[in-house]
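Let me give you the structure first, and then I'll get to my questions.
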Amino acid sequence: MNEIGGIYQLIVRIGEYSFHFNLTAIAMTWIVIALLLFFGYMASRRRHVLPNSMQVVGELLVAQFYGLTESTLGKERAKSYAPLIVALFMFLLLSNWIGAIPHMTEPTTDLNTPLSLGLMGFVLAHYAGIRAKGFKGYIKTYFEPIVFMLPMNLIGELAKVISISFRLFGNMMGGAIIILVVSHLIYSLVLPPFLYLFFSLFIGTIQAFVFTMLTVVYIAVQVD
Amino acid sequence: MEAVKSLRKKYCPTAMFIAIIAALVMIFIGHKDLARGIVLGTLFSILNFVLMGASIQLRVQRTRRTGAMIAFVLVLLRFGFLALPLVVSIYYDKYHIVTTIAGLFMVQAVMLADAVKKLVLSRPA
Amino acid sequence: MAIEGVDLIHAASYIGAGIAMGLGAIGPGVGEGMVGAKACEAIGRNPSEAALLTRTMLVGQAVSESTGIYSLVVALLLLFVV
Amino acid sequence: MEMDIQILVKLAAYIGGGMAIGFGAIGAALGEGYAASQADMAISENPEKSSDIVRNMLIGQAVAESAAIFALVVAILLLFIAPQDPTIVTAAALLAAGVSMGLGALGSGLGSGFPAGETCTAMVKVQDPKVLSRMTTVMLISQAVCQTPAILAMVIALMLMFVGFGGPDPVKAVALLSAGLCMGFGAIGSGAGSGLPGGAACQGIGRQPEAQGLLTTNMLIGAAVCQTPAIFAMVIALILMFVNLGDVPFNPYWAAFMGAGLSTGLAAIGSGYGGGMAAGASCEGIARNPKTVGVVTTTMLVGQAVAQSPVIFGLLISFILLFKGYGEAFALAPGMALLAAGICMGFGAIGPGIGSGIAATSAVSWVARNEENAGLLMRMMLVAQAVTQSTAIYSMVIALVLLFVI
């Protein structure tokens, strides 16, 4: 079970603080980004009325999530937020799927990736809230229904970040560990591929969708 | 009750028949203890089913809670009865424990086999 | 095994935190599920109001989640303050 | 000391046997009581059907009892077992066997009462004797599927009783006890839950006899998926029984093993039952509108998969507890932190698991009524389930804090 404990780390010391970087997760993130850029290039390279296969997939994804954002946030706001939402989903989907390839690990099994994406959604939602309601109106929401609710509302907002990022992390990490342990316990050729199919592909897709959907919905809750 | 009687007629002889066939096969391959075990187990399985049918009057026409309470007491009583063959087969080597346990499920097994047969036969239509 | 005052307090606070969060999560979990079920029902009846219903559901769930967040706060207090 | 161990082992075996038969009989009694009361209502509604209903009830009860008979067999074996050179590990193993079998039979007994009761209720309105016999057939099949968690629990119980676990190592004793608890608790939810699709399918056949094939298939898929938590619990129980960590110190490890068992075992209750609720709703939906079978089954599977997130969190915490590795502790607090992590995750996952099942139930049944909006409903269901699970995630966070920060 050495794989669980061993992490390739880069440790940078500045003064008395040391910063630990998980190199595997960073490398995997870059690989995912590279793959997505390549996909984007291929999908938009020769755009035709009769689309090629890449373009079909790309159009499908963009259209689906554009429509989804529009139905939740309204036409005006969808214009500014939908590109980010589509990109978020595609990044998460590929991140969760990449673990199915041998020697690759999902960057989402490192808590830092979901946490930073969750924080991004948090900042974005609150920025959207301030822009939509003005600073006064935004602050006012924290004193509802009564003034004393301020600490609870603050914690509730922070808990959203925790729940959204730990949900993704817990599911992906749980799946990865189950696959690892099962393949160690029974040296079977049949079961692990099925587990990959279930955890990486099926659960990964659902969790990527849930993460994206929740980000949209959190923005929607802030703006009105 | 007519319904209970018809059920008894339907399942119990089949269960006993299967048990006896199995016992004969076991005697034929030279394991008398196995044969005795399965017959003993099946006998008690059938008796349990008969008792269950006989106690049906006690259980119906009650509220859910009293029904469950009465069922609990009756289950414990019947299980005390079902424990007999197990104890016997643990104490006496004449009865093999594994086949006794197998025999205890004979009525249920016959019911399930009947259900599976019906399901398979109904599929092609 | 030295079971002394401070150690005992720590042990009790850890187990208390675990039980507080564990049992505190049951109620909100079921409650939020019921809110979600009603929201799905409402969308089934009236799909055109989906956006509004989603927001209403989230607000309802956030309110019923507050007891879960209280448990979280209590658990964290037990862990880090006691 | 020799004498004490003998008495301890006997005591453990008796308590284990008592728990096995006690919980098993409670499960069977609740299942039979449910079937009897439903049958009673059905008979008072339509006395002409009484012979069919009574017959069905009796068959249903006879099969619902088999889980309890497993428990009886294990209990009797426990009472009369005479282990070679007994140690404290043997005592723990025997106690754990009883707990595993008893709790395991509780869920299956309860669960297999649902199909029996629902079939009796549904028989009131059915005239065709062919349909009646089909309903009984499907009821029996679904009850047989319901017994799977009890059978898994029995396998673990028999292993605990008859596999030798070596010398008097107190850590091993706790690990075995934890394995029994894990399997026992883990089987409750799945056992009770996998009865729900059976009941709904039988009722559905009464309403829509021509959808029998679809309903049976969907019932089997749904019941099989909602038994995954029980299988997870069995995996953890097997690891707890057979993992060999060498010579480990007693103090933090006892808590780690106990926590690992409780985490997955308790977490499986909620997810198992929640998945069963979703499967039951899908059978009902298919009976309402058999044309929607494809989309209903898909929604059900997605709903069940998401409802299993809490048990996956429980599994994650269990694995971390099992394999993290600890130094010897001389105080109580480090061990308690590990135990608390397991308890926190285990209990914390029950509610969200059931809650996600409730959300999925409603979504699935409305997909069957309103097929055009299936995508919308599935989206709504996913969001609702995800938010429902946030309390399970808080529990996981507290458990992780207890594991890594403290």
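Note that the chains are named A, B, C and D in the order they appear, and that numbering of residues resets to 1 at the start of each chain.
Everything below uses one rule, namely that a residue touches a chain if its C-beta (ideal position, glycine included) is under 8 Å from a C-beta of that chain, and two chains touch if they have at least 3 such contacts.
Everything numeric in this text was worked out from a predicted model, so none of it was measured.
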Return the chain whose centre of C-alpha atoms lies at maximal distance from the corresponding centre of chain A.
B
If you tally contacting C-beta pairs, which pair wins, C-D or A-D?
C-D
Centroid from C-alpha atoms only, then distance chain C to chain D, rounded to Å. What do you get?
23
Please report how many Å separate the Cα centroid of chain B from that of chain C, as a whole number.
48
Could you please state the distance in Å, as a whole number, between where the Cα atoms of chain A are centred and where those of chain D are centred?
32
Per the C-alpha centroid definition, the whole-Å distance linking chain A and chain B comes out as 56
Going by residue number, chain C touches two or more other chains at 50, 54, 58, 65, 69, 72
Return the residues of chain A touching two or more other chains; collapse runs of consecutive numbers into ranges.
159, 217
Every touching chain pair, please?
A-C, A-D, B-D, C-D
Spell out the part of chain A that touches chain D in their complex, as residue ranges.
1, 4-5, 68, 159-160, 162-163, 166-167, 170-171, 173-175, 177-178, 181-182, 185, 202-203, 206, 209-210, 213-214, 217
Considering the complex alone, what residue numbers of chain B touch chain D?
1-4, 6-7, 49, 52-53, 56, 59-65, 67-72, 75-76, 79, 82-83, 86-87, 90, 101, 104-105, 107-108, 111-112, 114-116, 118-119, 122-123
Contacting residues of chain D [partner chain A, same complex]:
235, 238-239, 302, 305-306, 309, 312-313, 315-316, 319-320, 323, 325, 379, 382-383, 386-387, 389-390, 393-394, 396-397
Parts of chain D lying in touch with chain B, wherever the complex brings them together:
21, 25-26, 28-30, 32-34, 36-37, 39-40, 43, 50-52, 54-55, 57-59, 61-63, 65-66, 68-69, 72-73, 76-77, 80, 133-134, 136-138, 140-141, 144, 212-213, 216
In the complex, the residues of chain A that touch chain C are 71-72, 74, 152, 155-156, 159, 217, 220-221, 224
